C-alpha cells in the first residue's frame, strides 16, 4: 500500500470531508420479532469520504440492494441513522443519482429523450438541455445511437443510457447496483474504464455494488466485503490505487493480492449461500 | 511455467494421445460469397489431448458457440476437417456430451427424471439407471432435490442438473458452453471447483467456453484466446497448474500473470466488438 | 380452499346484482335468480330438455374432439416449418377475428341442417386458437431442447414424443381451454340460428315465446357447465406448469 | 317392409297454428292410414330457413310461408307448390297498452309501430291493413324489433305506440294488452302457407307425396270435426297449457284457417298483392310454372 | 414486402383462384357458393347502388361504440382490480373462464335493460369484448418493470405524473394488444347479434339474404365483412407491431 493511499484513508475520519454516514443501520422486513420477518441488513456503520469510490461485494441475498435503497431514501432503516451531506435521509434526497441493476431505460423514448427526461422535468432551458445531453451521450459512446430506441440496443448500451440519464443530472452521490451484471466479463472491465473516467471528471462520490471481485478490485479506493444475510461488513479492503487508473491494472501484481484477499473472505460466505440453494 | 507443464505440451502432438483434431475448420452462414453470408469462424487448427482441460475465451459473437456446434456434430464445417477419436465427425458422435449455455433442463421432468432421460432413451436397464442417476445427482449436490422440478431450483442448480444429465452418459469428450454464465462470479468460482472434481474423476477431455477470464485461468490446462469474428486463435496460453487444484489458486501469483496475459490479448478484440455495439 | 372462496364471493355478488336488477325492473319480465333456479329444476325433470341437451352435448363433444385433434395436428404441421408458420399466422389471426357467424349460411349450404353443420361450425370457432397456440408454442420452443435431444442421440420420432410434445403441452392446454369455450359458443350459435333441436334452439324458441325463465335457466346451466369444464382444464393446466 | 320413418318440415312448428293439422294427423295415425310414416316434424324459425331445411332433408316436403316459397322459386331453386296450407291471417294482430289513446289504425298516423323484421309478414299485414282502412302508410313509422316479444318490450317501455303480435303469444298475454286490429277481421282470406317440394322428389316419389298431402288433408278434416280433441293434441305437441291451446284452435275455426290443400287463385293473388306492398315481389307471378295440383287427393282436387 | 409476405399473397391468391375455378367448372354448384369474382361484383353493386349503406353504417356505429366502451371500461375495471389484490385473486379464475359463457343468450335481458335496437347489441358486444381489455390491462400493469417505479421515486415524481409519464407508456404495448382483441370481439359481438337477433345491420342483411335465397347479395355482404375485418386488423396490427418492437427482447 502506498503512503499516499494511507494518507487518504486517514482523511475519511475528517468530519468536513464526510459525505455519507451510516450509523448502526439495520433493516428488517416484516414486523420485527414475528416469525415471518426477515432481518436483511446490518447493523452497518459506514462513512464515505466526498469523492471516494467505494465498492460493496457480498454473497447473493446478503442485503446489498437493501443498503442501496436506504442510501437512496427508498427504504427507511428499521434502526440506526443514515445521513447525506450532514442531513438525515428522509425520502429521496436531492443530489443523489441511482443506476439500478435492472435495465431502467424507458423503452418508449429514444436514447436522447431518455437522457433528457430528467432535465426537461426540471425545466432546464432547451439549449442547456441539448448541450448537456450531447455531452453525456457522447461521453457514454452513444453518439451514433442518439435517435435509436432502447430495444435496438444491446443490454450494455442500455445500461449506459441509464448511466447517462443519471449523470446528466450532475448528482453529488452516485449509487450503482450491479450496473454491468448483464455483461460478459471483458465488456464489464471496459465499461469499468468508462466509469472511472466519469468519476474522475465529475468528482462525485460513487458507491458501486458488484458481484465481480475483479471489478471491485480494479475500480475502487475501498472495497467493503459483506457477510451472508443479515449483511454486515466483515472486511474493508484499501486498494491504494492512483486516481489515474484503468483496466490494465489487472496485470498489476497487487491486483492479484487484492482479488485473492476478497475471495478468501467471500469463499466461506458464498459457500453458506450456495448450500442453502 | 513448470517443467512438468512443458512436458505435457510436447505430448499433445503425439498421435496416439490426440482425442480431437480440427484442421482448417471454417464455418460460413448463408451461401459463401453472397453479401448476406456471415463468416463466423476460422480457419481453426486445434488438437486436444485425451484428458485435457481446454478453455476458449473470446469476445462476444466471435464464433465460440459455432466452434462447439462443429465439435458436437450439430453443424458441419464449411471447409476443413473435424475428427474425434480418429474418425471424421459426421452427425453427433457417440461419446460426446454437451452442456449448453442456456438452461436446457426439461421443466416437465423432475431432477431425477431429467438426469435419467438420456439413459432411458438409450435402453439402459433400470437398476443401472438408478445407480448412475443416484451417483450423478449426489455428485452434483442435488440429492435433496431429486424429486423437485427445475422451476423450484435456482439457475445454478438447474445448470448442475444439465451437467449431471450429461455426465451420467459417461462421455469421453465434454463440451461446455458458458455453463455458469447466469451465475455471479463467486458462485461461478465455486462451481468451477466442482467441475474440476468431475474432470479428475472421469478423466474425460473437457472443452469449456467461457467469458470469465479468471474461470478460464483457474480451471484449464490450456486457454485458447479467440479474435473477434471470424474467430481464429490468436493465442494459446499454457497454465501449468497441477491436476489437483481448486479455486484457491486465484491468490497464486501466477494466476494474476495468466489473467493479465489473457486480458491483454482480449482487450483490443473486445474493444472492437464494443464499438460495433 | 381459498381459491374457491374468492370466485364464490364474486358469484354471490353477481347473483345479488341480478336480484337487485330484477327488483329494479319489476314486472317487465326479468325473472329473479330464485325463479330461474326453480325453472331450471323443472327443466331438469323433463325428458325433452334432456333430448335437447344430449343433441348439444353430442355436437359439442364431436366438435371438441375434432377441433382438438385437428388444431394440434395443424399447429404442429405449421410449427415445424418456420416459413409455413410465418406465412399462415396473419391469415389465421384474421380468420380468428372474423365474425364467423356470417359464414354460417355457407356451412348450412354445404352441410345441410343436421348435426354435422353445427359440428363444423363449432370446429370453425374452436380450432383456430388451438392451431395458433400450438404453432407458436413450437416456433417459440427453446431451440436448446431440440439441440439437447440431438446430442443425446434421439431419433426424430423420439424427439417429437419425448421432448417437443411435453415442452409445448402447457400452451396446448391453454389453447384447448379457449378452443373448448369457443367450440361451445359455435355450436350454440349454430343451434340458435338454424336448427330444430339442441339447447341453442331451445333458448331461441323460448325467446320467441317470451319465456324468460327458460332462457335464463338454460343460459345459467350452460354457464355453469362451461365454467366447470374450464376449471377442470385450468387444473390440468396448473398441474403441467411446474 | 315398412319404409323408414320420414321427417317433413313445417314452418314455425311449435309456435304457430300452421302446424296443427300435422300434429293431429300424427297423433291420430292419419299419415299411416294414407300410406306414409311421419313420426316427427323438422321445425324452424320460419321464412327461408324452413325451405333450406326441407331442401336439405331426405323427404323434401314442407309447409312453408308463401313468401319463402316464392323467393326460393325466384332465386332459381327447383321447387313446386303442391298444396296450400293456411288461408287466413286471423292469428296475427296489432296490440297496444290498455291505457293507450290508440283506438284504431287511423290513430297510428305519426306514431311508431313495432314489426318483427323489415319485409316480413308482420310488416306486410300492417301495410295491407292500413291500405284497406285508407290510412297513409308513409305516416306510420315501422320499427324492426327482431321478434314479437322484443316488440312487446318496446311497447311496454313506450318506444312504440303499437306492436305486432301473433297467437298463441297473444292469447297467453291477452290480459296485458289491448288489440287494435285483428287482421283476420280486417283482411279477406289469403293464402299464407303452402306445401312445397322439389320437382325431382315429386317425379321420383309421387305416391309418397300424395300420401303426405292426403294425410294432412285428413288431419284438417279431423280438426274441424272434433276441435276439442284437436286442441288437446296440439296443446301436448306444442307444450301449451290446455286452456290456451283450446282458445288458439277455437279462434281459427271461424276464419277456417286450415285449407285441405286446394288452390284458390283469388287468395293466392291477394298474398302476392301484399308481398308487392313490402317490395318482396316486383315482377308478375307465373302461377302455371309454380303450382302443381296433380298430387292433391281426387276428392278435393276439384273443390275450388 | 418480406418473402413470407409474398408467399402469403400467393397462397391467398391461389386459394381464391381455386375457388373461382371450382365454381366456374360447376364442381361446386353456384347454389352453394358463387365464384369470388361474382362476390366482388356483387359487393361493387352493393356499394354503388347504396342499398345497404344504412345497414353498414348501423353496424359500424355499433362496432365503434362497443369498441370504445369496451376499451374504456375494460381499462378502468382492469386498473381498479389491479389495485385491489383480493378482488383480483377472486375475479381472475372467472375471467379465465369467461369465453365459455354464451353471452348471446342474455340478449332478452339487455332488451329489457337497454330497449330494442343498437344499445342492446352494443351491450352484448361490450360484454364479449371487455374481458380481453381487462385481462390486457392486468397483464400490462403487471409487466411494468418494478425498476421503473423505483426510477419514478428517484426522480421524485408524484402519483399522477408517475401514472401518465411512466405507467401508461410502459404498459402501452400490452394495453394495445387488448385494444386489438377488443375491437375484434366488438366486431364479432355486433355482427353476430345482428345476425341472430336483430332487424338491422350487416349481420341482419346477410341473414335476410340467406332467408330469401339471395346468394349473390349474401356473398357480396360476406365479402364486405371479410374485407372490413382484414383492413381493420391489418391497421391495428401495424400499430401493434411498432409498439411490440419497443419491448425488450
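By letter and in written order, the chains are A, B, C, D and E; residue numbering begins at 1 in each of them.
In this text, a residue touches a chain if its C-beta (ideal position, glycine included) is under 8 Å from a C-beta of that chain, and two chains touch if they have at least 3 such contacts.
Protein identities per chain, from UniProt: A, B = ABC transporter ATP-binding protein; C, E = ABC transporter permease subunit.
The structure displayed is predicted, hence computed values, not measured ones.
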| item | value |
| --- | --- |
| Chain pair with the most C-beta contacts | C-E |
| Far-end chain from chain A, centres as C-alpha averages | D |
| Euclidean distance of C-alpha centroids - chain B vs chain C, Å | 49 |
| Rounded Å distance, chain D centre to chain E centre (Cα mean) | 39 |
| Centroid spacing, where centroids are CA-atom means, of chain A and chain C in whole angstrom | 53 |
| Where chain D touches two or more other chains, by residue | 49, 52, 147, 149, 153, 157 |
| For chain C, residues that touch 2 or more chains besides their own | 28-29, 108-109, 204, 207 |
| Full enumeration of touching chain pairs | A-B, A-E, B-C, C-D, C-E, D-E |
| Contact set on chain C toward chain B in their complex | 142, 144-145, 147-148, 150-154, 158, 162-163, 166-167, 169, 240-242 |
| Residue numbers on chain B that touch chain C, as the complex places them | 72, 74, 92, 94, 96-98, 100, 102-104, 106-109, 117-118, 121-122, 149-152, 169 |
| Of chain C, residues touching chain E in the complex | 3, 5-7, 9-11, 21, 25, 28-30, 83, 86-88, 90-91, 93-94, 96-106, 108-110, 177-178, 180-182, 184-185, 188-189, 192-193, 200, 203-204, 207, 212, 215-216, 218-219, 222-223, 226-227, 229-231, 234 |
| Chain B contact footprint on chain A (complex, rising order) | 59-60, 141, 145, 153-154, 156-157, 181, 184-187, 189-190, 211-214, 247-248, 250-253, 255-257, 259-261, 263-264, 266-267, 270-271, 273-274, 277 |
| Interfacial residue positions of chain E with respect to chain C in the complex | 3-4, 7-8, 11-12, 31-33, 86, 89-91, 93-94, 96-97, 99-102, 104-109, 112-113, 181, 184-185, 187-188, 190-192, 195-196, 202-203, 206-207, 210, 218, 221-222, 225-226, 229-230, 233, 237 |
